[in-house]
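Structures for review follow.
Okay, so chain A shows up in both of these, paired with chain B first and chain C after.
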Partner chain A sequence: MRKPAHPLLRGYVWVMMVFMALPLVVVIGASFNRGAAIRFPPEGMTLHWYAEVWRNADMVRSATNSLLLAVCATLISFIIGVPAALALVRHVHRHREALQAFLLSPMTVPAIVLGIAFLVFFGWTGMGLSFTTLLIAHVIITVPYVIRSVAGVYLGVAVSIEEAAKVLGADPWQLFTKVTLPLIMPGVVAGGLFSFIMSFDNVPVSIFLTRRETLTLPVYVMSYLVHNFDPTIAAVSSVQVLFTTAAIIVIEKFYGIRRLTETI
Partner chain B sequence: MRMRVVLALLLPVLLLLAVFFVVPIITVLAASFDTSDPQRVAGWAAYWKLASDTYYVRVFIQTFVFAIALTVLTLLFGYPIASFIARTSAVERGIVIFLVIAPLLISMVVRSYGWQLILGNSGLVNTVLAAAGLVPVHFMAGWTAVTIASVHVLLPFAVISIAGVLSSLDRSIEESAAVLGASPVKVFFLVTLPMALNGLVTAATFVFLLAMGSFVTIMMLGGRGTMVVPLLIYQQVTITYDQPFASAMAAVLMVVTLGMLFGQFRLLRKRSV
Partner chain C sequence: MTMSEDTGTARFQVELRNATKLYGDFAAIRDISFGVAKGEFFSILGPSGGGKTTVLRAIAGLIDLTSGDLLIAGAPVNGVPVYRRGMGIVFQNYALFPHMNVFDNIAFGLRMRKVGKPEVHARVTEAMARVHLDGLGGRMPSQLSGGQQQRVALARAIIVNPRVILLDEPLGALDRNLRIAMQAELKSLQRELAITTVCVTHDQEEALSLSDRIAILNKGGVEQIGTPIEIYERPASRFVASFVGGTNLIEVVVHRSDAVSTELILPDADRTLVRVNSGDATVGRAVTLSLRYEAIRIASSPSPSPGDASVLGTVTNIAYGGSVSIFHVAINNGLTLVVAASGKPLFGLGDTVHLSWPSGAGQILQS
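Coming up: the complex of A and B.
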């Protein structure tokens, strides 16, 4: 049995939890505000601003762009990142540290530097700014998260388990789908989650690479707030909070949110 | 045969990083030496301007001090939460982790906007203060609002990585120390901290790197006095269209950041030997 937490520690943690939740509560509250000026607490209830979000074609499109971008970036990161992580842990012996440092190196460059580097690069090569180039940039940002989480979990998996499967006659595909993949699943979920967040929330890179058709939600919201100050943003943000909560509940249901801290 | 399989597994990601990460980084270095436009400060002149102009020197120093201060603050605030996660009941742990992770999934822009509603001149805090008959406080456009919002942004990353470190520690060593008569303070400083140090430094690095590269909170909550290098780079590109000078700033930011990382790496090496 572990020693239970000190009441003072528990008190501190719950104060901090209020701090963590506060901006979200305020944004949700402001989204129902009747007045056009943003107020918290709200002056009266309305769903007007939610309808306003739906009517704003640019906002809806930027939200779809962001979602599509984050999903694609995460999927590509899985496809190229998971095999690399597996090879790194099991098959690379010489220069493993150097290789690992290289694979994770996009994480060590300040995000804004990556942003301007992509801008200059896509300009010079004539690739221009499109959804594809934006996606490439996002994959560079997200793939290290997948590699790090998967390699971290795979390092703790005993070689003997896979060897036993091989001895019992599993072919490489069976070995991967029936043995390795279930074992590394915690790393895949954690890496995928981080990858999605890092893409969906990215501003320092997206802000240089988006055009009107490829605008992402955070970039759109930022530019919107420069000229407008009405609760539409609060409404679209509340929708995002709703989706996020749903996503977390799904992860919790099928996987257990607690296990995330064991893998990141 | 085995060599070929390994290569096949690694090649896609290596190629991608070589073409779309290494080359762009080199291009940005090259772009800082693009002297084709005589109107722009470029090449060594740009680097000299960064090193000699007191404004740029001040912004660079400010950026590093702010990132380091944020890292320290976030670790100090986050450590107790992580240690609570490690020792509380399963139900409470689930709720706390949910509350820590949830803000992470909501755009940084939205969270900064939430802080505008709370800390603004007619925001929540000042409404409460006015109702209580107190003098309003001016948080915005200064370091106070920026620091509060940045800690809020970085705290989840710190808590998650520290909780990961703490859950991997062998708790029986702490218990033995306590049984042998060490006070909780002694256990923390002489047993837990040394065991967790490498992991804590990794967490600190992670937070520091995130703090160095982003400018969203500062752009939305800061003012004239809170300029940092990432925001300056952004303005050089989008407002003054001075790509060579912005590239020079990006190069310096990158080199100094990597220098600090390397120093930290050396420090870790020494400790683990």
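Coming up: the complex of A and C.
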């Protein structure tokens, strides 16, 4: 049995949890405010602003855009990032560090710089601004998250496990599907989660690359806030919080959050 | 399955011919040749960095040879990918699949070969019984003891009826008592199934007790290949003599030699140090004599047999080792001989003792 934590440590953990959760409580609370301003604690209770979100066609469309963009960016990041991570850990020997730094560089470049760079690049090459170019930009932002978490897990997998599988008759495809992929799954799930959130949340790159029809939710919210300050924003944010929480519960149910944190 | 059946009647089940593996300028192994007969337990023994793991990995197909040939059942397999060589392997760290239970681990090789479900079930059950894992099929590797993991690894390797089973320090991670028990089990399993086995180890006791033949590898080359008794009793080189078992290496000079025996003396002495059972040495030549620790008798009185060589010495160090104690005895000429004696040590530091050894006790080494 584990011995109970020191009361001071317990207290510290609780304070930190409240500190982290408080902004969410404020946003969710404010979304129920009866008045036309974002206010906490709310005065009265209404679901009016949720209906308002649903009625706002631009907002719904931007949310759909964001969702589609995040899903596509994450799937493409798997296709690019998983093989890259595997190669980086086991097969690249020369210039490994340089290649790794290059692949992870989008994480270190300030996002706003990336945004401007993409804008200039897409203009210069004549590719223009479309869902495709927006997706390309997002993939470049999200791929490093997949690479990093997959590589992190894969580094901890003993080489001899895969060697044993090969000697025992696993061809390259069987090796990948029966041994390697199940073993790196925690990294794939974690990387996918990060990738999705990074894309779904992104403002500094999307703001340069979206047009009216490709507007993403965060960019729409920003522009909405310029002229309005009503609880619709709080309501749409609350829906996002709900989605994220649901996603985490699903992962916990079918996979276990513990397995994500254990190996990374 | 063509993978695990042998059609021909090749002389060797595994054969290396002039195998060399270079990493840049460094030769991990150089010009190694040997053959392992069908059903033989063949060990590769040597210090770490001697090239033994390279040999094993080359046979498995995990690395390619720079030059030379590898034949399995008489057919060259250079360029045949790992997964088509029909082998089994057991690693020191077991390398079990952590995401599969015991049953699935053992079934792995069969499933890769697309064996039908009922047959998989029957063969896995049989293999589990063979290595005494009955009823543990549902356990995960992390819930098993070291010895049990070892058995799973073994069952996983033998279930595919491998043409050759490769053991990479198979018992190295087990503690002593378990290791000795597993050695016996491994040997009887290997004999029962008549599986050709290539075992890499740095543990000489393991090699001596398990093997039909042993290859001693040092610095990427073969020092000697022979049965355990040949290796121990008639080491071919200084290296083999000192690596396998404990031995005194003494620089001596040939004093007299005829067709059957040779007398050796210390360079600055006139008394015969030892008479060995090999003849036709050049008188006056300097050679190295190997005299095993346990070949020397240590006593408080001179040897009763007149044919024995005998010297007087002083005990300078004692290491008590339970069944055997090791004495360091300084004799004249500044030479210290190491002696192993069974039982409780009967002598103390500084005691004067008589060392003796029978005619034919030593061995002349080629340098």
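Definition applied: the second predicted complex is superposed on the first by the 255 of 264 C-alpha atoms of A that agree within 3 Å, B and C clash if a C-alpha of one lies under 4 Å from a C-alpha of the other, contacts with A are read in each partner's own complex, and residues count from 1 in each chain.
Following the convention adopted for this analysis, a contact is a pair of C-beta atoms (placed from the backbone, for glycine too) under 8 Å apart; a residue touches a chain by one contact, two chains touch by 3 or more.
What you see is a predicted model, and the numbers here were worked out from it, not measured in a lab.
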Combined model on chain A where chain B meets chain C, clash or fit: fit
Larger contact residue set on chain A - chain B or chain C: B
Which of chain B and chain C A:Ala170 touches, first, second, both or neither: second
Partner chain(s) touched by A:Ile116 [first = chain B, second = chain C, both, neither]: first
Chain B versus chain C as contact partner of A:Ala158, first or second or both or neither: second
Apex chain A: angle to the C-alpha centres of chain B and chain C, given in degrees as a multiple of 10: 90
Touched partner set for A:Val203, first chain B, second chain C, both or neither: first
First (chain B), second (chain C), both or neither touched by A:Val179: second
Shortest CA-CA distance in Å separating chain B from chain C in the superposed model: 11
Intersection of chain A interface sets (partners chain B, chain C): none
In the complex with chain A, residue positions of chain C that touch it: 3, 60-62, 81-89, 91, 93, 95-99, 108-109, 111-113, 153, 156-157, 160, 166
Contact set on chain A toward chain B in their complex: 2-5, 9-10, 12-13, 16-17, 19-24, 26-27, 30, 38-41, 79-81, 83-84, 86-88, 91-92, 99, 102-103, 105-114, 116-121, 124, 136-137, 139-140, 143, 147, 197, 200-201, 203-204, 207-208, 217-218, 221-222, 225, 233-234, 237, 240-241, 244-245, 247-248, 252, 257-258, 260-264
Residue ranges of chain A in contact with chain C within the complex: 158, 160-161, 163-171, 174-175, 178-179, 182-183
Contact footprint of chain A on chain B as seen in their complex: 2, 5-6, 8-10, 12-14, 16-17, 20-21, 23-25, 27-28, 31, 77, 80-81, 83-85, 87-88, 90, 93-94, 96-111, 113-115, 117-118, 122-124, 127, 149, 152, 155-156, 160-161, 163-164, 167, 171, 209-210, 212-216, 219-220, 229-230, 233-234, 237, 243, 246-247, 250-251, 253-254, 257-258, 261
